[in-house]
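Chain nomenclature is as follows: A, B, C and D, assigned in order of appearance, with residue numbering initiated at 1 for each chain independently.
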Amino acid sequence: MTDFTPTEMMTIAASRELSNDDVCFVGIGAPSAACNVARLTHAPDITLIYESGTVGTKPDVLPLSIGDGELCDTALFTVSVPEMFRYWLQGGRITTGFLGGAQIDRFANLNTTVVGPYDHPKVRLPGGGGAPEIASNCGRIFITMALSKRGFVEKLPFITSMGHGEGGDHRERLGMKTKGPTRVITDLCILEPDAVSKELTVVSIHHGVTREQIVENCGWPIKFASRVIETPVPSEVELATLRDINARTRKAHQASREAA
Amino acid sequence: MTDFTPTEMMTIAASRELSNDDVCFVGIGAPSAACNVARLTHAPDITLIYESGTVGTKPDVLPLSIGDGELCDTALFTVSVPEMFRYWLQGGRITTGFLGGAQIDRFANLNTTVVGPYDHPKVRLPGGGGAPEIASNCGRIFITMALSKRGFVEKLPFITSMGHGEGGDHRERLGMKTKGPTRVITDLCILEPDAVSKELTVVSIHHGVTREQIVENCGWPIKFASRVIETPVPSEVELATLRDINARTRKAHQASREAA
Amino acid sequence: MAKIVPLAEAIGDNVRDGDTVAMEGFTHLIPYAAGHEVIRQGRKDLFLVRMTPDILYDQLIGVGAARGMKFSWGGNPGVGSLHRFRDAVENQWPRPLEIEEHSHAAMANAYEAGAANLPFAMLRGYIGADLPKVNPNIKSVTCPFTSEVLAAVPAIRPDVTIIHAQRADRKGNVLLEGIVGVQKEAVLAAKRSIVTVEEIVDELAPPSPNSVVLPSWAVTAVSHVPGGAFPSYAHGYYPRSNAFYIGWDEIARDRDSFTAWIKENVLDAGPEDFARHAGKTPAKAA
Amino acid sequence: MAKIVPLAEAIGDNVRDGDTVAMEGFTHLIPYAAGHEVIRQGRKDLFLVRMTPDILYDQLIGVGAARGMKFSWGGNPGVGSLHRFRDAVENQWPRPLEIEEHSHAAMANAYEAGAANLPFAMLRGYIGADLPKVNPNIKSVTCPFTSEVLAAVPAIRPDVTIIHAQRADRKGNVLLEGIVGVQKEAVLAAKRSIVTVEEIVDELAPPSPNSVVLPSWAVTAVSHVPGGAFPSYAHGYYPRSNAFYIGWDEIARDRDSFTAWIKENVLDAGPEDFARHAGKTPAKAA
């Protein structure tokens, strides 16, 4: 299938990275869609956890918030938020965490806190929430963000959650044993940190996208790996599954709007 | 009623100290009997907590262990043991804790750990269990122990849980804000710490007991308060309630022995 | 023992100007009716605490009831910004707002430490993040066995915690079910606590011996306010109004439309107005 | 994902000579059948961890399977001493037993810290008590905000934790109910874990969304052993045999009668022998 939107490609590319053995800490938006597409296609036994405390959820529609009733109704069990962060996240039980943000730098550090100085911000963003500890305690991190000059910046005004810090072995030097961001999945391409420098590097370009588009939409001089492939286009099943769950979600949210 | 055993007197004297507003951390044996007699007579709304995690229990028969099924079946709710010790005991939510021990000294410090040196004990006792933190975190402590020279000793070989330490303001000096042992209820008399020195002092003598008996059964030269009363004898209701619950308990344990 | 009283009395007796107040609820069971009563009674100079300040705290900030806020994520979930919160931080309208910002993990641990009567909480946290540079209440502690350095934050000990729950019995024992968030910890960490409930029943009847229960003697006041969590939800009673959350973006973007909304829906309304949301659309899991 | 296997295989695969092993259960759900299998397989040099070592650990100590024990209360509840434990400590029979002794609060916090992947636990504890003088694993930590000094103990991280639970589903998800003790923490703190269960069912069907569940991916092996907690009990299945606990005092007092009992009831028996205790006298709360 070549009739898909860039966001659909991003979501489906993310879903492919997940397997039955994954225990995922899911965020709202693209990660939630990606995880549930994986669950409904190639990874039926994947475990999805939302930070509201719901473990092993199988939502029929995507939640608007991290704590929608649907998540609890379909969960294997639900724990308190302190337990979620202590036993499950800090306990090292999560294989894959998803993050996103307003801004990212070349070492996959993220900012969701402020634009401008912290004490006198130009734009006050929502803040980090679970991100600082998701970034350090999950086995690996996937980041989903649309590629844009505003989002992919040379220097972050604030590091909300650390990716590869200043690059190289910075994580190890700070005592972290987890991998950190291993994939950044955008609407145009997929990036991976370079094995040594940890600088994000294009490894896969989505169908129909040019290198020029990627360069133009990145705030730093973006590097390409020596071998760059084309991201396989969404299969019919992937696309149908994503569109179905999005349609069910729209319908459910509309119903709740009418009932309100 | 004057037809009662010393142990019955001890249990009933302890039960009288409790009120509807008390939240009690109950131990097995005399404390469990005393708390349940209070609940079945003058303090129907008393809250009984056993360290196994059962909160607001109303057992029909007395438990043999701290975690008998009866305690959970009749509880308002049951929490994990870490929660019990963290939120409820250390959280400062318990008004009255009960302790006992193999040995006690004049400042109501207790030993349930060893007789002889710790590394080469003559008798290895079960150990402290919850006692060290019950002693410091409950609002006040009641101790029930039969008065005997073996139990009431001049010097403890090991302090399992601190009462008034070396006496005086020792608790305050260690930063404790709780009262510590306020009553020691024995089968012969009731002791209270002196207001200043904190040395245990006889304040009430059970019916039919002489001062000589008390002196002879204590391992240190025991002091009497300037005003000593006679402990009111058990009422018919108190005695009937205690004997009923003891009879029910015997019958239940016998049944379980036959079924075993 | 908890007193079972009307909401106005519960708030009047227990929430004071200048108090540190936690109104908790992680998407679920957010105590909207109680928060509106706080606004109606004109409380001021409050220091608000909450992991996920959402619309309710946007409202409290927008009317100027708060001098400060301790939080870990201040947004409208799935929708975007909290415009009143942003206006306060970016433009000091209607008054400046002192902020103390943490991560979720730190806040959750800090409530837990408060409930456990510890002075601080420790966590494997904030590694490589900038918050410790701007928040002096993030320090460190060293393990006496391994010498590992961990992050440390002060325990949260609110003057008063306010939550919403499914039901209470006539003695004031409270049952929470579903996404229970940090509510139990927030209540146990506080000096005083208020719980609004959907129902008051003869028998609490928890479905499991291990259900989440707050005993009457650990709660200060219980008030019967059906629908009191709307537009949040009460598992087993009514669903979240995602539509309201989406609609709030428009209302709160503008100071005047916000102020008009508050007058009509808070100042000129009462706790009884929440009842129309209770059970209107039965929750799936009822 | 947990493997559902016979008990002999679960123990054979996961318990090794020299391991630090926690078989937890606070009066309720004590994994007797699994402990007997450990004895039958001749494991040795184990370092046993448990808050309340009762008869099961008396048996393991009495057969000489343990090199040491970390504990907080070592008695026969409501009855008296553990004679095999005393014989090991007082007379080094059948071998010396290294002990590391704590309070309940410290042990519970240490398991909790293990589950939370922290290197140590802190508590307001041991004030004025003598244990810190004889246990070098009790240290202190200072609050970086208030300068208060708190007790600190190392986190418990067993090589393997063994527990008994009411039921599992066919994927290996486990439900515990009633007095749940420290079992969840002990499993999450361990490298490997074995759960014996009364029943394996198609649907786990927890009675509440907040029931105590261990997901299959947090457990190593599940074995179906009905009656496997006897003479302890399984809430909803069968009651505690208080009579057995009372009778044990006589059996364990003497080395020969103990050894004869072990031969007859452990060495010459099997996990299937526990089945006769399952459901024989239905529990009240079933």
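Quick notes on this one:
Operating definition for what follows: a contact is a pair of C-beta atoms (placed from the backbone, for glycine too) under 8 Å apart; a residue touches a chain by one contact, two chains touch by 3 or more.
Computed from a prediction, not measured in an experiment: that's the story for all the values here.
Counting hops only between chains that touch, chain A reaches chain D in a minimum of 1.
Of all chains, A has its CA centroid at the greatest distance from the CA centroid of chain B. Centre-to-centre separation of chain A and chain C, using mean CA positions: 28 Å. The mean-CA centres of chain B and chain C are about 40 angstrom from one another, to the nearest whole unit. Residues of chain B found to touch two or more other chains are 72, 78, 86, 90. In chain C, the residues touching two or more other chains are 117-118, 123-124, 148, 178, 180, 184-185, 206, 209-212, 235, 285. Contacts between chains form some other arrangement here, matching none of path, ring, star or all-to-all.
Under the contact rule defined at the top, the touching pairs of chains are A-C, A-D, B-C, B-D, C-D. Per the touch definition, chain D reaches chain B in the complex via residues 26-28, 51-52, 71-75, 77-79, 81-82, 85-86, 89-90, 101, 103-105, 108-109, 111-112, 123-131, 134, 148, 178-182, 184-185, 212, 231, 233, 235, 239-247, 280-281, 283-285. Within the complex, the chain B residues that touch chain C are 21, 23, 45, 47, 55-56, 72, 75-79, 86-87, 90-93. Contact residues of chain C toward chain D in the complex are 117-120, 122-124, 137, 139-146, 148, 150, 152, 154, 177-178, 180, 206-212, 235, 285. Only residues 1, 115-118, 173, 184-185, 188, 204, 206, 209-213, 215, 217-218 of chain C touch chain B when the two sit together in their complex. Within the complex, the chain B residues that touch chain D are 28-29, 51-54, 63-73, 78, 80-82, 84-86, 89-90, 109, 113, 118-119, 121-133, 135-137, 158-162, 165, 170-171, 174-176, 253, 256-260.
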